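Order as written gives the chain letters A, B, C and D; numbering starts at 1 within each chain.
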Amino acid sequence: MSGRAPGGLVVGVDIGNSTTEACLGLVDPDGQVTYLGTALTRTTGVKGTPDNTDGALTAIRDALARAGRDSAEVRTVLLNEATPVISGLAMETITETIITESTMIGHNPTTPGGEGLGVGTTCSVGDLAEQPPGQPVVCVVPPGWDFDDTAAAVNAAVAAGVDVVAAVLAGDDAVLVTNRLTRPVPVVDEVAAVEKVPLGMLAAVEVAGPGRTIRTLSNSYGLATVFGLDPAQTRQVSPVARALTGNRSAVVVRTPSGDVTDRRIPVGELVLHGAGKTLRVDVDAGAEAIMDAVGRAQPLEDARGEPGTHVGGMLAQVRDTMADVMDSPGLPAVPVAEIAIRDVLAVDTFVPAEVRGGLAGEVALENAVALAAMVSTSRSRMQVVADRVSEGLGAAAAIGGVEGEMAVSGALTTPGVDRPVAVLDLGGGSTDAALLTRDGRATAVHVAGAGELVTKLVHSELALGDREVAESVKRCPLAQVESFFHVRHEDGTVQFFETPLPPEVYARVVVLTPEGPAPVGTRHRLDHVRRVRREAKRRVFVVNALRALRQVAPGGNLRELDFVVLLGGSALDFEIPDMIADALAPHGIVCGTGNVLGTEGPRNAVATGLVRAHAAAAVPAAREPVP
Amino acid sequence: MTSTAPRQSSAARVSRRTEVLEARPVNLDGFVEEWPEKGLVAMESDFDPTPSVRVEDGRIVELDGKERADFDFMDTFIANHAIDVASAERCTAIPSVEIARLLIDPRATRDDVLAVTRGLTPAKVLDVVKLMNVVEIMQGMQKMRARRTPANQAHSTSARDNPIQVAADAAEGALRGFAELETTLGVVRYAPLVAIALQVGGQVGRGGVLTQCALEEATELELGMRGITAYAETISVYGTESVFIDGDDTPWSKAFLASAYASRGIKMRFTSGTGSEVQMGNAEGKSMLYLEIRCILMAKGAGVQGLQNGSISCIGVPGAVPGGLRAVAAENLVASMVDLECASGNDQSFSHSSMRRTARAIPQLFPGTDFVCSGYSAVPNPDNMFAGSNFDTEDYDDWNTIQRDFQVDGGLRHVREAEILQARNKAARVLQALFRHLDLPAITDDEVEAATYAHSSNDYPLRDVLADLKGAQAVMDRGITGLDLVRGLEAAGFHDVAENLLMVLRQRVSGDLLQTSAILTPDFVPLSAINDPNDYAGPGTGYRLEGERWEELKKLRHVTSATNPETEVG
Amino acid sequence: MTALTRDDYPLSINRPDLLHTPTGKPITALTMDAVVSGELSAEDLRISSETLLLQAEIADASGRPQLAGNFRRAAEMTAIPDAEVLAMYNALRPRASTGEALAELADRLETTYSAPVCAALVREAAEVYGRRDLLARPTGDDD
Amino acid sequence: MTTPTAAPPQRTVTLREVGPARRGTRPDEVVVAVSPAFAGHFSKTIVDVPHAEVLRQLLAGIEEQGVTARVVRIRDTADLAALAHVAARLSGSGISVGVLSRGTTIIHQRDLPRLSNLELFPQSPLLDAPVFRMIGSNAAQYAKGESPQPVPTRNDQMARPRWQAKAALLHLKEFECIEAGQGPLEVEPVFGSSAAG
């Protein structure tokens, strides 16, 4: 760095995972910096690879253009030393619910008919007329039967003395049929596979009133009473009762060997190397067990998953992708063996899944584990990028500093911040932390899991079927459209509109995107969607903030930290910064979203830090020039 | 195919022959009786007006039996802009039979006819073509087509909006001979990626092919202005005031839009067609052809260079009434005889019967039009996002054979498998490299391989739609233009494709493609009604399928060699 | 300069000397080298009003007065920004503008953009719209 | 298990006139508006679905959701959006279903612009009894302030050659039955059975 004439324009360029930022400063001979402008553009290619050149040049030219300066005036361009970080996501479902021999129909049709409990022998609607009088009968109606015809058949049988106590229908006809019965009975409908309901068996049908849930069939002793079970049999049917809890309607058919099981699916092992140990943990043991093992293997040196499982495939793919992006012509290839998984984050989640063996598309919430993994390599291609930037711009370009250190330096330009300071960079694939101690030493870590994992959790837990919707649920606040002229926001406030809202959002839960309200394709109510969203953010960002800060905090003690500055795209989120601040408050930490240079918000920290570092180096005596 | 079963025969016993006939696909088509009072009639209606015109002080004050005070806005626009006032009274006074004869008389040149037609009123034009049978209509078309050399246009779309498919099918289509390629979307937000794919694929197949992407006006115009597409044609006009208003436009708004396109150097034509007004229930009791003639003259008056007509999306209506396809042939002729470029329909699913499908195209294919189809499906019809065309990829060999049988030029040719595979593969690779350069969602080698050998969208790996849509948005946000595409193609090492695209973009600066019936030859020579005017003057004149082009069209997939009958040539 | 004839067409081949971009570059400057070096911007690939007037001459010489008229309106419109062109088009839709609004639009075309031919088209539209009940009604339409 | 009899009785409907339609006050009602020629001049849709079945299924879909329904006949227009919009403004919930004789159907809401809609089913040849049931059900769910999944729309490229002209003809005929100046009429559907086959 010596021998360079002081003064002139300096551009700091931060190549991040998704954005490339530039900071243009005029550095005086005495090390004073005048900031002239900043710019932000998309990162081209994977961070840390030669493809970054185009994006870097765009950002530099933008910054120059905004300041009305010419590239000929640029003395030097400074790039951050950034190691490529690639992250991957996988999810394994670890439980499944199986119904054998059709004993239970626990699904929740939106509109069952009648109310109460009916217990009798199953009988097809077509055979009702032949039933002996006085025997309680549960009428089973196959698809294709019109509601008027069904009601007429039941009424005729009842008139003839057949004791019809309940009905199970294929179509969505329960209310229609009930409304037409001379003697109303509980009716459960929308049982798509009604033909699989065994006939001639004892069955119970229960429907609760609107807004209520069933009481008898969801109670093991209720089942025992209805079917006359002994204690051993009661024990056996208790999963049935559990599965029906919370439903408004249910059908249980007693068959000789019917059963409901809730079984764990073995999904293979995760093998963790670190701290001189090799630990093995079953993925189906859940997030807590996995994170416990990860904690014991710190610092993690590598992780592998069982081939043939989602986790194994994901870890292998992350490794291969890294090998591919490091592969550039004219440079020696990076052996895959040198690419190691440096962090894993496991999160417990659930996946709504159709119950195997169900008759009506019953859905159970199955447990699942989501995993994020991160790979980094010590080799970076940033020098190549610097050479190409230099060539493209016609000015000198060099590596000006390491990313984490530069980020802290840039964060220090936030008004009200002082050393020791830690920064948390909340990105898409990884959460990064760095610490600058009072005496100027810096440390930095990357941990796996960030915005993309949140999107995945929201997507699967709400069964949205569209990742783009999940993305907007993550990013934007929710509201309920209550009429064409008003919405109720998730905090309960009401907003009115002059012009009517578009028809596709009518009566729906919507996300308030910058382009306007967009419908969320879900039957869930707003409260549930909100809870899922916040819980996903908590499990990823709050957990990772604590994990990452503990890794940089002296002695792993969060109380040693005074200031935490949040940076990166997710620091612009409408609730994540508050959630992290709340979690850090008990540790006596001042935490907030950065405002680099007092103007840039949580953006441009690294680029600014690069310019500051250069200015400081130009005048070795000067200490941390204040902007 | 159809949602309902074929018609039920009555309970009474029918013959085996009737059973066979009932099972014929043609009986799945719908046919209706005429109802002239409501405009459900092709071209022969007692309720159409009688021709008349009166000029006072250089202004038309009476048009087809109506005084100026009673003009609706179509009458007004046509009287003010479409009809040559100086010759109107003289031309309209010429007996219709004389004008009809002029149309088929080889001794009268195209210009001789234009000297008369420029002064005709809508009812007079109708009166003339009503005298002509379908063979005479075809004779008239042969002479009146604006460009001497006929051409064809293709649809290149994907049921999954897969840009790789669009690029590969565009390349194949261009190679097979289409002069224009048109696309549209299932998911509209995919448009930027698909429009880029169409443009790039087209230039791989054959330099100078022109492309368009049918969208709502603002986006379509923006893609054009950025040089991602080269022309536009889905600007609809209608024959009655009420239907025009239902479409939220007027002749003046459309005329303004026409100039807007020209002001950005973008070729443009209007769209209209018989049946649209009665379909919308507001034919005002006029025949389909009379109303279409009003559309044609409105387009003429707006100063647009051409028109896509031939019933287009309403083809089921004229197709169901007596003489309907004669009217459709006549509307193409009228567009040509008032000196407009005519892209002559044959672009929508028309019949269950292959025989009817073929017959429907004869009046355009045999005499030749500026674009025989305004959308031959260069993808299998299930992938056709214009709701299916009259011809698709499965008809390629039939089309080529018919061209060879009758020695007519329908704009296509047989291409050998190796060449097609090469073009498809290259189109996919070029798009792969371009997307990579522009940092758009990656195209894998598997997708390139799939594109090379695919038939339909089902043959391609599924794309990450979310990533694609973000990429598409990025194209708009980052302001990517045709110039960026050229730069990217050049940087990716596809100099020839980059050069082809640059040549197409240069045409916007010259404005040569704005002239009537303009297309670009493979040598980037603009070919229009000005430098390639139709000079038909009877047998032995005009465009003749001969020489090199005829040799090209003699080739088919399987032709037994005369030299060695044990082998095939081709 | 004498008026162009059909023989001058295509201008890109027969008369490249007449063709310039709106930025003043000759059409021959639109080369691959210029693209690659970054000398060209999207503005260089637009048509100029002069070129549209040349094409109008050719259209006239080919017996297409309406097409020539369209090119003359287009020549005037090259000066109007994209968004405003679309806004003007929307203003001409049925019942989108009052008579006064259309009169103002015509004045703006004439004074701000020196576009008398376009202005005349708008004035004609205003007259016809008035007669055919296609002007915007003063109050919001309830139905 | 037995199946229903092979030839179900052919149901019929007559629309008994009750009087001029009034604005409803019940927030739990959907108004079904039928066009001038529905179950009058015409008796079935373009693909021969009896109007009795169309109405029965629409009403059943509404009833199954626990919502009440009123039926009105619009006499002065056969424009689908217009007649449904009139009905929406008569509806206590603001929700209406409009249906034309040929089967084309729409779900409307009173605060929407007339030409807009909540759901539109323009392809009349593709609408059968189950679809009409789902349309009724969705309309009722909108009335309850719920957020139903839109009824899946179908498409058929070959509908054009088979049905386009007949649709135009039916459209024109329906227009013939317009009685200008006649306000909406509340009607009571009376279903019968012609006991066919």
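Quick notes on this structure:
Keep in mind that, in the parts below, a contact is a pair of C-beta atoms (placed from the backbone, for glycine too) under 8 Å apart; a residue touches a chain by one contact, two chains touch by 3 or more.
Only a predicted model underlies this, so the values are computations on that prediction, with no experimental measurement involved.
Of the two chain pairs examined here, B-D and A-B, the one linked by more C-beta pairs in contact is B-D. Averaging Cα coordinates per chain places subunit B and subunit D 38 Å apart. For this pair, subunit A with subunit B, the centres built from the Cα atoms lie 48 Å apart. With centres taken as mean Cα positions, subunit C sits 25 Å from subunit B. Chain geometry summary: the mean Cα position of subunit A and that of subunit D are 43 Å apart. Chains touching one another, given as pairs, are A-B, A-D, B-C, B-D. Contact residues on subunit B toward subunit A in their complex (touch as defined above): 439, 466, 469, 474, 478.
Across the complex, subunit D meets subunit B through its residues 47, 78, 125-126, 154-169, 171-172, 175.
Subunit B contributes residues 72-73, 76-77, 80-82, 111, 114, 217-218, 221-222, 225-227, 241, 244-245, 248-250, 252-253, 255-265, 300-305, 339, 479, 481-483, 486-487, 490-491, 495, 498-499, 502, 505-512, 514-516, 525-526, 528-531 to its touches with subunit C in the complex.
Across the complex, subunit B is touched by residues 42, 44-45, 51, 54-55, 466-468, 471 of subunit A. Contact residues on subunit D toward subunit A in their complex (touch as defined above): 1-4, 8, 60, 63-66, 109, 111-113, 116-118, 133, 137, 142, 145-147, 149.
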